[in-house]
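Dropping the structures in below, format is structure tokens.
The same chain A turns up in both complexes below, where it pairs with chain B and then with chain C.
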Partner chain A sequence: MSGTFRKALLGTAFLCALNAGSAWADTIKVGVIAPFSGPFATVGQTFKQAIEVYQAQHGKTVAGNTVEFVYKDLDQANPAQSKALAQELVVKEKVGYLAGFFFTPDALAVAPLIDEANIPCVIFNAATSAITEKSPRYVRTSFTLWQNTVPLAEHVAKQGIRKVATAVSDYGPGIDGETAFKQTFEKSGGKVVDSIRMPLKSTDFAPFMQRIKDSGAEAIYAFLPAGPTTLGFARAFSDTGLKAAGIKFFGPGDITQEPDLPVLGDAAVGITTTFNYSQAHDSDLNRRFLAKHRELFGASDIVTFTSVGAYDGAHVIYRMVEATGGKSDGAKAVEAVKGMAWESPRGPVRIDPESRHVTQTIYLRVTERKDGRLQNTEVAGFPDQPDYGFKAGK
Partner chain B sequence: METLFGIVVDGVTYGMILFIISVGLSVTLGLMRVVNLAHGAFAMVAGYVASYAAQGLGLPYAVGLVAAILFTVLATLPLEKLLYRRIYGSANELAQVLLTIGLTFVIVAGINYLFGPTLKRIPLPDALLGTVAIGPKSIPVHRAFVIAMGAATVLGLWWLLERTDFGIKLRAAVDDPNMAAALGIRTERLYTATFALGTGLAALGGVLGAELLPLEPYYAIRYIVLFLAVVAVGGAGNILGLAAAALALGIVDTAGKYLIPSFGEFFFYAALILILFRWPHGFFQGRAA
Partner chain C sequence: MGAVATGQTPQAAARAPRLRRALGGAVVPLLAAAGLAAFWLFPNDLGLMTRIAATALYVLSLDLVLGFGGIATLGQAAMFGSGAYAAGIAAVHLVNDPLVLLAVGGLAGGLVALVTGALILHARGLTLLMLTIAVVQIVQEVVNKARDLTGGSDGLSGIEPSPLFGLFRFDMFGRTSYLFALAVLLVGFLVARRIVRSPFGLACRGVKEDPLRVAALGGSPRRYLVTLYAVAGVFAGVAGALTAVTSGIVGLDSVSFSWSAEALVMLVLGGAGRLVGAVIGTVAFMTIHHVMAAIDPFHWMLFIGLFLMGTVLFLPGGIASLADRFIKGNRT
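On to the complex of A and B.
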């Protein structure tokens, strides 16, 4: 092969690369970091499916730019890995937006990165209040434990219940929930008679049930992360006779999330929760959302709070792309969505300009069997709930 | 007083569930000297089969239980022939660990693919629902059933290993395989039978314990440490020692949860360390087969 020929080849390759570059210039990439394998794989699946539903309904282009989602798997809470993946997305994939994040530590780990690269980060789930305080480029479309718990505690107090025991998993969100409940409930004149922090790895919940019984509580407030633990807890609650004894069960909606309901079975019936989304939410938009989901994926069994978190997150990202005309400018993008209000499958929502967290209606739901299927029936709504935990006590 | 009673009753139940699942591991580890880290995976497979039999095919609980045990034993026998036979004996522990943990990952991925990552349940029959009163405390009928099954397993295994021809031959084959073979004992068959016994016990525990250790694909990895801890304290291959260990750890863990729940797993592991410090080879050292 002669030198000239080699140079010509190289030149052609170089030109091709340049061309390819310009052809991609109006494709905007969004990096989604979430668990797609491992014990929490369902979460990643709900994110991805909800995004696909959103793109099927609203198209893949916005203001002349094609939006493309790039998925990175983070199978369990691992902040170092989260940061490494985010870095890879920014440097190699040249993403203009970061999104996803199921666990709080993973979301927190990218704060310095998004500030340095001036990239907005839309959180689809991670629910510890403190996150959005760590960087002005965070926007969150899920919920926080404070947001769910404050209206619940007020509701419990209004029922005339005076003595409540709290039982939460011993980690960040659990402690957020416990504090929020205790503060609100005691302000409303109630008394928390026992606060139990259960190890995250607990499998046998009967001992905690005995303690609740001994405390003389009329009701319990419980929070455990969705999954094997909630199953054990709800079963122990009914098996040890606490349910039969008339003790009421309150908690945030993670405990009765839709994919777990068939497994929880009758143990879940009668649990009262507050949450931002129920599949049974009565609105045309929600019915369209679920119908599209069934059309694309055959079923809507796993649609749950993480689905709407991602669906609304995609909506926020589309608005950001529109506002920045396809250029990556995190500060401007976040500025554009402050105060933005829209109708979501969960009802009316708004991005609070100060906390950059979604202000929304929190629904009071009761788990019941309807047409042979368990569902979370919404019985009341508390509109315009902010994140009560944002800069709490500061 | 009532708290004390509660600790004992709940602790014994938890201990019995730990016992039923761990005893199979103890049998393979103690009698055949195989560190079978896939034990939890076998228990999980049985749980999934029982769940499928009950929910997918609508079979009664007892039928599902038997089917799950048979299926698990039959499905793992080829593994014994093809893989485990190469790693018997204590000379190559590293190979044992690598092979069995690899097998665990394969099973986890397979279950995840076939059944998805969500929880599965084995619905209980009406006879096992409700509660039964023991003194001032009422415990779920299902737990009482598990305690009874655990006690039956202790007695049955003790009888099998100490009082039957099979047990005598097995102990001979374990102590000196060459001499046993020279005396006309078919050691390979014995090993296959023992492996099947261990797997069957894992299957029994996986199905019975499903209410306490819920079924999901990571069951195999999540709980194996628990089972190994029980075997370490009880002494491998020692049935009565294992029962004592399971009960002791179950009661200690339960007492911790009753009294100081925020200490988490502290009491379980503290007990583990103290017991192993005093009895490095587990309770009833030297009695192991």
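On to the complex of A and C.
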């Protein structure tokens, strides 16, 4: 009885393995794991819309293979669920590529899986430097906190500002940002007079504003994850009189992301940020990207950094499909895009062969009102910024 | 059945409990059979099914606390997460045998439950509910702060359990994971049933019904409840460890308030106060969640809400009470 059982088990196992290995038809599936419901649903929406814009512009076939995107909802950071979804995509949907990932732990969760299945994973957002170190099959088309912060800290130092307080959310990316700013700024001769770590979920920022005021800082560096928290923080900065007192506000661009600008209103005016993408980026490609977006979805209000992460991610996946001729070979696919350079709606970008992270121009932007609408105007650019955090430790 | 309705009283009256007992005895074989059938029927969904089995064990622990002890809690995730992190940290630094990891998780969950239970079970009702929420948030904050050990908000990754019994590797198809999780769930179910039917379990039910009377009879309601809380903590800890072993990663969500609340929803859905209710509720909730989210990743929550409302309105005793209705329906 148990012998039969084991044979049946082995048989099933064998059949499964056979199916997973060979069924590469001319439709190539890409599994996208992202929040499509819950508080971060806009992120998933930007991913999906950007992918649709890309497919509308470049067609759905590459080298004779149709590329189909399959979406899985992961409404909050939940790595165990992320792994289960990825497993389902690989085993059941037989996807050849994984993509998406808004939160770092969700992206980290699939590392063993993509290694075992030899599948490339293109990260559209998750921004902790350590991710691409965990598997050679990760490629990232977004940014890291280090990448955005290092040029910003140098800029702040050049402005003659000597005393800065940092205020970051108390979690991985926040601490990345704090470390990156402190190291760079103090190397350039400045001093970080207070380092505040705020609980990730806090909505009342008045006490932190008081601490910033007491620290005697001339400027603040702030990072909070884009969404309700950044809104509250930027508002409090303006409402508690820090803005009126002449304290300058610097931070990575998450804090003034496009979908939040109308809600932020005049509180956002004058905030200086560094970021890889602004909707106001002055290039034909960006204008075409936005125009297509308006054509497909009626408006381009929510187009933001997550859109461009997904748009370029789709581009990378298309090149991978081309390079492998539709076969599933993660190692070869990743090898093919190492060093690849192209023009993105955010400007010139390229995949750094060592970190498999996107090297790009980081722009210095000031939020201002133009034609009645708030926008992030790019006033300067720092070209060819790598991920300074790659293998830099914590 | 018509004959029963017209009333051959003694036998008919005896039939309902007998039928129920027969059903009760068949629960474990039925669960095992259903679990194995699912293994063959849905070989591509083992990832989900593994999560369901581990979650069912976690909801089972909540059932022990709430359904049999009457302790209103929204803090069960504190024990689940402690178990998951303890097993995860042990796997990264010390051992990687899956069974040892489960033991580590169970120990951690039990300890956290014992200590916090002894502290907070003075209170009752809403106060207690708030204290349990406080516990889960404190544990989460500790885990978040202990970044070097737990990975903080990035999650604790790099958990690589060794093959089960040195033979079965935890591969990406999840066969080992699922069968392992199913076996742990069944053993957990049997142990839980043994506990519930023991004199101790009956005493706990007594405390739930009327703590004053238990005290008058010479028992200590608080001691019973703390013990029960600690025992359930072991179950939750093992469930956490099981999740850590089978998924290879632990995140802050596993010690979150919302994870506690979700367990409560699953339990209410299945039917609190009976062990099989916990399993049925988990399977129902997670399956519907999964199917709906696959069909419509954008609006699935609406359907879940409707389903919940339907269940609460038309089946107040949970899905497991369907069997009762069936039996009662026969009798009258």
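What we mean here is this: the second predicted complex is superposed on the first by the 368 of 394 C-alpha atoms of A that agree within 3 Å, B and C clash if a C-alpha of one lies under 4 Å from a C-alpha of the other, contacts with A are read in each partner's own complex, and residues count from 1 in each chain.
The definition used in the following text is that a contact is a pair of C-beta atoms (placed from the backbone, for glycine too) under 8 Å apart; a residue touches a chain by one contact, two chains touch by 3 or more.
Everything numeric in this text was worked out from a predicted model, so none of it was measured.
Once chain A is used to superpose the two complexes, chain B occupies space next to chain C without a clash.
When the two complexes are overlaid on their common chain A, residue A:P207 makes contact with chain B while staying clear of chain C. In the superposition on chain A, no contact is made by A:A341 with either chain B or chain C. In the superposition on chain A, contact of A:V379 is made with neither chain B nor chain C. In the superposed model, A:A291 makes contact with neither chain B nor chain C.
Shared-chain residue A:V91: touches chain C; no touch with chain B.
In the superposition on chain A, contact of A:D170 is made with both chain B and chain C.
Which of chain B and chain C touches more residues of chain A: that partner is C. Look at A:A56: by the touch rule set out above, it reaches neither chain B nor chain C. Legend: residue contacts after superposition of the two complexes on their common chain; A:M198 is shown touching chain B, with no touch to chain C. After superposing the two complexes on their shared chain, the closest approach between C-alpha atoms of chain B and chain C is 6 Å. Shared contact residues on chain A (touching chain B in one structure, chain C in the other): 38, 41, 170, 200. By the touch rule above, chain B contacts chain A in their complex via residues 2-3, 6-7, 10, 13-14, 112, 116-121, 123, 131, 137-140, 142-143, 211-214, 216-218, 223, 253-254, 257-258, 261-262, 264-265. For chain C in complex with chain A, the touching residues are 40, 43-48, 50-51, 144, 147, 151-155, 157, 160, 171-175, 243, 247-254, 258, 293-294, 297-301. Residues 38-42, 170, 196-204, 206-208, 210-211, 214, 227-228, 231-232, 235, 239-241, 259-260, 263, 265, 302 of chain A touch chain B in their complex. The touching residues of chain A, counted against chain C in their complex, run 9, 12-13, 16-17, 20, 36-38, 41, 44, 71-73, 76-81, 83-88, 90-92, 104-105, 108-109, 111-113, 116-117, 128, 130, 134, 170-172, 175, 200, 394.
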